Structures are given as C-alpha cells and as structure tokens.
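Common to both upcoming complexes is chain A, partnered first by chain B, then by chain C.
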Partner chain A sequence: MVPGDPETLPGALGAAHAPVPGDTEELRLAPGQADELRLAPGDADELLLAPGDADELLLWALMARFERLALDRYVALAPALADAGAGAKRAWVARLDALPTDAAALAASPLAPPTDALLARAQSADETAVLLVQGLVLEHLGQAIYRVAEGTERASDASRSLARDGLAASRAVTAAAARRTADAVGSGEDLYRTFTDHTHEVLGALDALADPVDAVFGARFGLRFADVMGEFVADLVAAGTALGMQRRKIVAHLAGACMGL
Partner chain B sequence: MSTTYGDLRGTRDVARTGSGTTRREASPEQAIAALMGLAIFGEKVAARTYVAMAEIRDEHAELLRKFAGMEARHGASFLAASRANGVEPDREFADAELGYLIEQVDRYSAERDFDALAILQGFIVESLAIATYEPFLAIADRYPGATEAFSTALADERFHVDWITRYLRLRYFDRTGEFLGLAERVNVQGIDCVGGTLMNIASHLDQVGLSGADCAAGMLDGYAALLEDVGLEQRAALKNVTSLFAPLLVRYQRERAG
Partner chain C sequence: MSGGAGDGAILITGGSGFLGALAAAKALAETEATVVLPVREPHTRESVLGPIAAELAAEGRPATDAVLARAVVVPLPPPERIVGLAPEMKRLGVRDVLHCAGCLSYFNLGKLQEGNLDLTAGLLALGRAIDVRRFVFLSTAYSAGFTDQLIPEALHELYGDDPTDYTRTKRDAEWLVARSGVPYVIVRPSIVIGDSRDGRYGGKPYGIYQLWTAGERYLGNGYPPVLHVVAGDQPVNFVHQDAFKDGFWAAYEQLEDGAVMHLVSRDDALPTMRDLWELWLGTHGGPSEVHFFKRLDDVPDADVAAQVRMWLDFTAINNEIASVRWKFARARLDALRAGGLALTDASLATVRIAQERFVADSPKLQAFIARYREQGATTPRFVVHPDRSLERG
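Entry: the complex of A and B
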C-alpha cells in the first residue's frame, strides 16, 4: 500500500470497501500514522460527497473525533478492541481521516463545546474505563448515530454507505468489548456497580448535544438527538443485559445520569 | 414515526406548587402536598377515563365502570390518608399537571378511539401510578393509613394493566405493525404529557425520600415492557419510548442546572 494513495485504501469512498480478510493488516497504523492517509485537496473529487454537503462533512468530522479517541484508547489500553474485526476500527479511522472534513468548521459549530466536554469526560485512563466508556457506551452511541444516518433518505448515498461501514466496524469492537468486559470486569451486579461508577459522567454530558445535533443535522437530514437516544438506549440495554446487568437498573442509571442526578 | 426534542419543547410548564414556588424550591411539606394532590386528582381523572371507555364499548362497559369505581375509591382513600397526616393536597399543582392529560382523553373520547384510550390510560397513566406507588410503599409507614391505601391501589392498577394487556394482545394478535402504529400515535402526546408529569414531580419524589430517577426509569421501562407484552420487540418498544422520554430528561437536567 502506498501511504496517501486512496486507491489502495480498502475503505476509500467509491471503492468496494467491504473488508477483505488480510487487507486490514495493512491498515494497522501506529498512532499518528493516520495523518499520512489524509487526502490532498483535489483528491476529494474522488469522493461521492458533493462539495456542498458541508453538514454531512460536519457529521463525519464529528464522528472522526469520537473514533480517533476510541482508537487511541484501544491501542493504549485495550488492544483486543483495536484488533477486533481484523483491525476494523483502525481501518475505519483511517477512512474517516481520509475524508475532506474541515476541523475548523467543526470547531466553529455549536457542536464543538458539548463535544469537547463529552470527550473530556471520556479520557479513560485504564482498561476498565476504556471497556465501559468507549467499548460499551460510546460505541453504542456511535452505532445509534450510524444507524440513524444510514436510514435517512435525505443523506447522500456516500454518507449512508459510510454510516453502514462505521456501524460494521463498531459492531466488531462491541462484540470484542463484551467478551473482554466479561473476562476482565465481570458480569451481573458487580459489573453494574463498576459500570455506573465509570459511565455516569459521560452519560451526564450527552444532554448538551441535544440542541446542536438537532440544529445542525435535524433539518438537513433528519438526524435528531431524540431518535439517536432511542436507538442508543435500546442497544445499550440489550448489551448490558447480555452481560448480566438488570434491565431496570440500566435504565435507572441512564435516566439518572441524563437527568443530572 | 418519531418525535423530536424540538417538537416537544415548551409544551409544558415548569411545575409549580400551589403557592407558586418552583419545584426546586419546594419544601418537603410542599412536595408531599403536591404528590398527594396529583395522586388524588389523578385517580379521579382515571375514573373519568374508564367511564369514557365504557361509553364507547358496550361489551366492556360493566367491567370498565368497575375499574372507574376502583379508581374513585383510590382517590377517596388517598384523600383520607392525606388528611389523617395533616397534608392538604395541592389541587392547583394537580390541575396544572392534569389539564394536558384531560385534553388528550377528551379528544380520544370525542373520536370514540377506544384503543388509544386503552393505551393512554391502561398503559401510560397506569405505568406512572405503578412507578410511583410501588417505591412509595417502602416509606409509606411514615404516614399512618398510607400503606393500606397505596398497596390496595397498586394491586388494583396492576389488575387494570393486566386486563388492558390481554385486551390489546387479543385485538392486535398477528397485527403487531398496526399496534406499533397505534402506540407511536398515542405516545407522542401521551409520554410528553404523563412522562412530563413524572419529570415535574421527580424532585418532589426526591424530597420525600424516593428517587425521581428510579421512578422515571420505572415508568419508562415499565411502559416499554407492557408494549412488549402485547407483542412489540424489546428494541422497538424501548427505542420508541426512550426517544420520547429523552427530551423530557434533557429538559429536566437543564431546568435543574439552570
């Protein structure tokens, strides 16, 4: 693979990007190497995102921030998650980094302050925190966003395709995270106590995204905070109960955190 | 169909006690007065709703009038327990909360929409009642007479829910998609209304020693589970109910912080 050449990226937009076993081996990047995969100006013509799709690019810039932090934490503290799905998350981050997103536009948008605040609470410092904050909560939040984005007809085909692939990459991680969580953190009531301790702050920061998400993405392509939360909670409850936590308790924790209690 | 944060914002006011203080300022005495007011007058509205349902369906009229009588007795027993403990129910607070619900009930009654009333009263309102009465029983011995009144009411509400569940299961057997459509239609205002009331009493519940968050979760999860009992998949039920609760939770946090 030639670094910087989007044609060689399995996930390049416009290419058939279903990962082929073995392909992703090439995409196991060291932290920082992703910069080499950024497209040069003009390469964006190869992308299916229309130049006028600033809001869609803003979505992908936003997701890239979450995904970069997740990959960084996985590489540092939970390598099984970085390697899950033959390095699906690495490939996905590389692909997001290759998009012609505008970090300055994101920083100037109303999405920036709540995103900064949320990510500041998600600087997981040990494996348990990474498994619960990134591997459980934020991966399922991302899946909710990808699922809503994939399902909206007002998004471009390129964005819907991206969302589909982001969802697949995230699912590979959450499957590995569930296995590792059961092994390393436990299950049932013990896990619930650890889960609540580690995730309360992050969940309590979600509310600040409500207005900016609706304002920026709601009218443009129907991605609304309430719909994302519906998807997110349904998924998180399913994932949590699969790990032996009680459904009612998970809902109580989510409700309490979202109410700021 | 989904409803958004933006669609729902502003449909309800911040709850105030009868003395005009906001819920964040309410004393424990004001909180219990507001809660008892809502319980007493809420039971009266429930009785009225079951009567409205009886008037639509002759085949269920006798039973539904019995349900109405049970609800009226709950209200009377709550009032007696309240007065026995020197708590004057806050009617102004209750009226402010229940007006929105009564408007929805009256609209469905005028449309003779029995199934919408069944979900609104039999599932959503009863879920609120169960989600608050059940934990209240743990502290009810502080208020002489309250344990008996609320344990009877809780058992009765569960009986009502069981009947509504069986009715809806039979009616929508093999028509889950149609049931989902009905639930989504009722939920848009029903959860904003009844869930909004729960948010408006959450801090009152905290004041009297309960957990507003646990009660909110009890209603959210309890109602979703009822939809599952009728035939919806867990994911669809939780997704729909949560998407409508989310704006309420967000608004609560903001008002609490603000």
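Entry: the complex of A and C
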C-alpha cells in the first residue's frame, strides 16, 4: 500500500479486513494489521471524503462519538477489550479522530438530541455494565451500522472501506467481550437477569434515533433505522444465545425495551 | 354492593398505568368517594391525574377541580413497608382496595417477583391492617396457561404451560390473595383494546398494538413484495377498554366475596389474526402476496429480510397466544349482563374502529400508507401455509 494514495487505500484495507462469516480467525488481527489501521491524521481517508460528502462525514462524526465512549469505558474498566485484536479499537478511534468530521454539524443535526440521550444512558460505571452495554449491545449495534453502510452502493468507496474496517475492529472487541462476559458475569438465567437489568435503558433510547436516522441517511445512503435494527437484533440474539441465554427471552427483552414496554 | 356498603375511600394501585387509570376514572365518575392513588417516583400528582382527567373528559364527565380534589396521590413505599401506610389509610377512610398495579414484563423474574408477588403481598398486609372490606385483584385471563379445556372461573389448581413468566406470577398472586384472609374478588381480563366507540387507547403497545406499532416502526419504509406473517385462525379474545372499565366496576360492586370473573368478550364475533390482517391490508393496501403461517418456526428464514424477521420475533409471543383457542367460562359476566350491565363485545367491526384510531394518531403511518398507495399498493393474494408442527409431531 502506498500511504496517501487514494486509489489504493479502499481496496487494500478492504482486502486486509474483509470479514469472513463464521471464521473466528478474522477476530485476531495479524501482526502489522493494527498498524495499518493506525493511519495518521492527514492520511488517505481525508482525501477520499470530499467536502461535498457532508452526510457521510456526519455518519462518521456520529460513529466517532459512540466509539470514543466505548474506548474510554474499555480503557477504564475492561482493558482486555481495549487491547483486543492488537488494539484494534484504539486504532479505529484514532482513525475516526483523524477524519475531517464536523462536530458542530453533528451537534446541529436532528441526530444530536437522541444521540446525547443514548450516550447518557451508556455511561457504564463498572465492568459488568461495560461488558453488556458497550461490549455486547452497542458493539453489535455498531456492527449492524457498519454492515449496512458497507453494503450501500450509494456511499463512497472511502466510506464503505471505513465501514469494513470499523466492522473488523468491532468484531475483535465482541469476541473478547464474549469471553470476558462468560468469565465475569456468567451465563444462562443469571446472565439474562443481569443483561436485562443493565441494558433496558440503553435499548429504550434507540427508538428516538429512528426518524433522525431515516431523515439524514435514508435518502442519501439508503441507510434506514429499520434495516439497522433488523441486522442488530439478529446479531444480538445470536450473540446472546451463544452466551447461554434463551432466544425467546432475549427477544422478549429486546421487544419490550425497544418498544417502550 | 355484595361486599358491603359503598361508602368510604377507595385505594387504587396502578393509577399511573393504563388499567389502574381507567379504574380511577371510573371511581371518580361513579362515586363521591376519596380515591387514593399510591404511586412511585418519577410519577407526580400531575402526571398521574393527566390521563385520568383525559379519560373523564372523553366520557363527557369533565374533571373539575372538585372531582380531582377527591384524588389523593401518595408515595408508594417498597412492598415490605406498604403495611406502614395503614394509619394514613385509616385516616383517609379507605375501605376497599382495587389492586390494578402489576409488572407486565414477560420474563424478568426479579421485576415480576417484586411487581406481581411482593407488591400484592404488601397490599394484602395493608388490607388486613385496615380491615379492608373488599380487595379486588386484577389478574389476567391467561393465568391458566395454555389449555384446550374450558377455563373455570376459579383458582387454578391445574394449569398448562405458561406463555410467559408473567402469567405464572399472576396465577401465583391469585393464590396469595385467596389465602390472605381478606374478602376478595379476582377479575381476569383478556387482551384490552381501544374503546369500542372511538378507538381511543391509553395503554402501552401490548397485544394487537404491539403488532401495529412494530409494523409502524419496522415496516414503515415499505413492505417486501411478499410478506410473511404469523397469523392463526382461532378467534382472539379482545375486550374493549370501555367494557373493561364497566365490567371491572360491576365486579367490584356486585360480585360475592371469593368470586373469580373472566372479563372477556363473547366468542360469537371475535376476529382471528388472519381476519385482522385482511382488515388492515384490505383497508390500506399491501404487497402483492401475503403468506400466512400458524407458527414462527414455519416461516422460511431465507425468504424474509432481517427487519421482517425482527418484527416477527418481536410479536411472536402474542402471536403464539393468539394461535390457541382459549375457552373462558363466562357465567359471572353473563350474570352481571343479565342484571343490566351493558358491554360491547369485540368484533371485527369494533376492532376496525380501534385500527382507524391507531392510524389517525400516527402521522408516520399515514405518510407511509399514502406513499405506498402511490406506489401501487394492492389487496394482496393471501396464501395459507399448513401447520408444520403437525408434521413434526
């Protein structure tokens, strides 16, 4: 790869980080991969995201807010997640920070109030909360967003490439989070009780994002809230059942929390 | 009133919720009694009385200052300390308790224990402490669990598999009430739906509203060309909120101590879930094909998009309950009706009123329907798939 060469960056990163469904090896970044993710400010992404791509930059500004909080919580309370995948999340946040995003534009958008409300409910204060709120729920939400963004042909190559890399970094974290959750929180009915207690509020804050997401990203990208939620719920249910919780109960919790019951 | 004279204050729990607020509105409209409403934070007097006043107004009974002054909102302590309210309740003259509060979580055992069992135990202790004249417990028609037998208006000594832990804890709470020594009546409503006259509905999106609300949120960008739905062919027992209000009140006033009553509609005209789908899609248009499945397991995963699958998952438990023919004994409600209680049974025509109100209250849904019509919404071809569970045995 030629640093700074916009023609080669998307394909090169895409090839390096493209996930292989069901392949757990994807979760372990090879030596050097994390370095690839740690692009310095001023690198190619900036060049690829032209000033006209305000909506795309808004998406990345939004994701940066979630990812910064996640990394902050991991560093403070769940270091294994911060270090997972050779520090994939640190590298990813550094990369998002290097993008020419406009925090003021995000703050002025209809996305800001529901995002503020959601993140206020995600200020996890102990390791259990971090594992469940960030490591399980919000990472899988992020993966759903990245997958939908990666799959939309209306996004630029740069954004689709970024989405691929965000997905890879997140998958490294969720694999580590699953292992740590099993060790620290448990499984089955005990985990279900803790999971429902810790995640109800943050799940309940998602619905307020529906209209703003559709309004800002729907027409531009075809990235719609319902599509993201469909992917997110499928992923989260699969992750929860892998941790020993009953599918029927997880779905009931998600339905209740997401629909304000 | 069979249980005693109608004087004295009435304590109603769940006043900040749907059915408790309906009971409180009825109490304020039908009596001159003080109505005591214990609620927890973050609820305030204003937040509790708002929906009650709205319900009174909708019934043409304006909530004047004098009426609302009879409502006394007090803090509800934790279950183990509820009995400590006894001196204040005696001072207020409370003689009857209408226990409408509960936890509707399907599987959160901690919340169900606290909201349905511990809370009921605490209120029963209070009832004993104030020598309550009548304790009315609001349960659910589904506390029997799944069964194809006639469900008696009696405590369940035999019961089927529970659809959820909610129904089990309601059944257990019925037994707590029955064994408490207080004079009691148990009322078991079926699925409460909007008012039969104007469709207004003050509850959260449970029952048919969960299906409609989930559709609004997750299918509101457009139907797939072929829509897969889970919809049984058995009548679904809805009870309108006006019927709930009048029936619940009649049970409180007129039933004998120890009575259990199913507050349900007569079966004659009840719609099936398929009827409801045909009503919705016939009214608003839909995709070219709709495939009916009786069970979620029969829906082919590969043929449905992720958001449709989520919508099917989110509504699965209610669809499961609706796929069964529930046979509720109705002798007590029939006797009240014979004595002059007028109730409107749910039917496809009255559910249509609730559906129309739901759409009228949702600008998002109206926009979707208009947009979808422009794009060629049609009355779909309905395809009914066989129940594969019979093949699986």
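One rule holds in what follows: the second predicted complex is superposed on the first by the 215 of 261 C-alpha atoms of A that agree within 3 Å, B and C clash if a C-alpha of one lies under 4 Å from a C-alpha of the other, contacts with A are read in each partner's own complex, and residues count from 1 in each chain.
In this section, a residue touches a chain if its C-beta (ideal position, glycine included) is under 8 Å from a C-beta of that chain, and two chains touch if they have at least 3 such contacts.
As the structure is a prediction and not an experimental result, all values here were calculated from the model.
Considered on the superposed chain A, chain B and chain C are sterically incompatible, since they clash. Within the superposed three-chain model, A:Asp197 lies in touch with chain C and out of touch with chain B [touch as defined at top]. In the superposed model, A:Leu141 lies in contact with neither chain B nor chain C.
In the superposition on chain A, contact of A:Leu167 is made with neither chain B nor chain C. Shared-chain residue A:Ala252: touches chain B and chain C both. Once chain A of one complex is fitted onto chain A of the other, the partner contacts of A:Leu131 are absent, as it touches neither chain B nor chain C. Residue contacts after overlaying the shared chain place A:Leu261 against chain B and chain C alike.
Using the contact criterion defined above for the overlaid structures, shared-chain residue A:Ala238 touches chain B, although it does not reach chain C. Residues 207, 210-211, 214, 218, 224, 226-227, 229-231, 233-234, 237, 248, 251-256, 258-261 of chain A contact both chain B in one complex and chain C in the other. By the touch criterion given at the top, residues 204, 207, 210-211, 214, 218, 224-227, 229-235, 237-238, 247-248, 251-256, 258-261 of chain A touch chain B in their complex. Chain contact summary for the complex, chain B toward chain A: residues 2-6, 199, 202, 206, 211-214, 216-218, 220-221, 234-236, 238-247, 249-250, 252-254, 256-257. Those residues of chain A whose C-beta lies close enough to touch chain C in the complex are 189, 192-193, 196-197, 207, 210-211, 214, 218, 224, 226-227, 229-231, 233-234, 237, 248-249, 251-256, 258-261. Every residue of chain C that touches chain A in the complex is listed here, in rising order: 104-110, 164, 204-206, 210, 213-214, 217-221, 305-310, 313-317, 364.
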